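Chain lettering (A, B, C, D, E and F) follows the sequence in which the chains are written, and residue indices restart at 1 in each chain.
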Amino acid sequence: MVNGIVLPIKKVFGLVDAKISVEIKDEGRKLQGRLVAVDEYLNIHMEETTEFIDNQRGRSLGTVVIRGNNILTIAPVM
Amino acid sequence: MVNGIVLPIKKVFGLVDAKISVEIKDEGRKLQGRLVAVDEYLNIHMEETTEFIDNQRGRSLGTVVIRGNNILTIAPVM
Amino acid sequence: MVNGIVLPIKKVFGLVDAKISVEIKDEGRKLQGRLVAVDEYLNIHMEETTEFIDNQRGRSLGTVVIRGNNILTIAPVM
Amino acid sequence: MVNGIVLPIKKVFGLVDAKISVEIKDEGRKLQGRLVAVDEYLNIHMEETTEFIDNQRGRSLGTVVIRGNNILTIAPVM
Amino acid sequence: MVNGIVLPIKKVFGLVDAKISVEIKDEGRKLQGRLVAVDEYLNIHMEETTEFIDNQRGRSLGTVVIRGNNILTIAPVM
Amino acid sequence: MVNGIVLPIKKVFGLVDAKISVEIKDEGRKLQGRLVAVDEYLNIHMEETTEFIDNQRGRSLGTVVIRGNNILTIAPVM
């Protein structure tokens, strides 16, 4: 059970310095950028962030900290 | 009471490596895929993920980590 | 105060093996079934689950685990 | 600070056995009934519950357990 | 870091007995009244509460306990 | 892992006394002001706060405490 507890977060820890896509709940909105830091609540510190609304590229946001509870999904960008 | 505390999560722990369907709250949306890891908050690491919107098959999403608090239900796919 | 802390959950613990109705927040939707397990977060493991939308019987869902924070109310079905 | 931490919940603890009105977030809906038990998360066990939608009396619900995080306000009914 | 952890809540602790305005998330609604007690979750016990909807004065609500997680902002009323 | 746990919050701690923009979830609304204090839950105490609705400057709000769970993003204002 100890292994099971840490694993989904470990997957995200392994994405530090990689490009990720963070989907925001209820908004049809994604933030893509380089993952700088993540904690156990899935709070995210991202740099070089770009907004996507309904899959259309939007504004460049630069440095952003995202509150974990408002994140729906996190995925690597290939 | 100790047994009662761990049981609903244990049901999900037993689904690791099986195909599951995760229903997202407020969105009429489901993500189906192979459960790779789950923790005590029901954060989910899924592979070979496919999106279903109003029960219509959507995009293939590959690797996804889902934040537990935004999950409504988790069910095995028979 | 110690008694006060455990009581609302104890009421639900007493419903294990009984038929319950779980109302989902913001959705006009209920899930009815047999309560198999519940934990301190009110995460629910249910079997023989049937969906009700605006009080109309819907699909049979079988085994479902429901995330506690997205539950509005839990009530016994008489 | 110790006093400050317990006080809002203590106010609700003092309403056990009294008639209360629980307002649900985002729904224009209230549940009124006799408060049987409450815990530190403001999970509520209520008996003789009646639903009010936009201040119109609705169905009688009997025994209900309400998840604390989906409660907006709790108030005594005079 | 220890100071940083307690400070935003300390600001609210300093408003006990003063008139405050509590903005509810997603509702265009505010509750104004005298702050009687607050805890570490920002649960609020308020007296002499008045409702404001879209900045129009509404009903007098008297004693109200507000669940912290459904509060967007707390501000002093000058 | 210890470093990973504290980092996204540390980024915000480093913005104390600087001008920040706080985006509220689900509302197309931002609050800009000087960050006075922040805690581990990302609760924010802000001064000289100005509201922006759909990127239009709105009211001056002065002193505001924002509940962390209702914050979507925090970013420095250049």
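We take it that a residue touches a chain if its C-beta (ideal position, glycine included) is under 8 Å from a C-beta of that chain, and two chains touch if they have at least 3 such contacts.
Only a predicted model underlies this, so the values are computations on that prediction, with no experimental measurement involved.
The minimal number of chain-to-chain contact steps leading from subunit B to subunit D is 2.
Subunit A and subunit C have CA centres that are 31 Å apart. In this assembly, the C-alpha centroid of subunit B lies 18 Å from the C-alpha centroid of subunit C.
In terms of their C-alpha centroids, the spacing between subunit A and subunit D amounts to 36 Å. For subunit B, residues touching at least two other chains, in rising order: 25-26, 69.
Viewed as a contact network, the protein chains form a single closed ring in which every chain touches exactly two others. Around the ring, proceeding from subunit B in the sense that reaches subunit C first, the chains are ordered B, C, D, E, F, A. Per the touch definition, subunit E reaches subunit F in the complex via residues 1, 4-12, 25-26, 42, 68-69, 71-76, 78. Subunit A meets subunit F in the complex at residues 13, 16, 24-27, 31, 36-40, 43-45, 61-67, 69-70.
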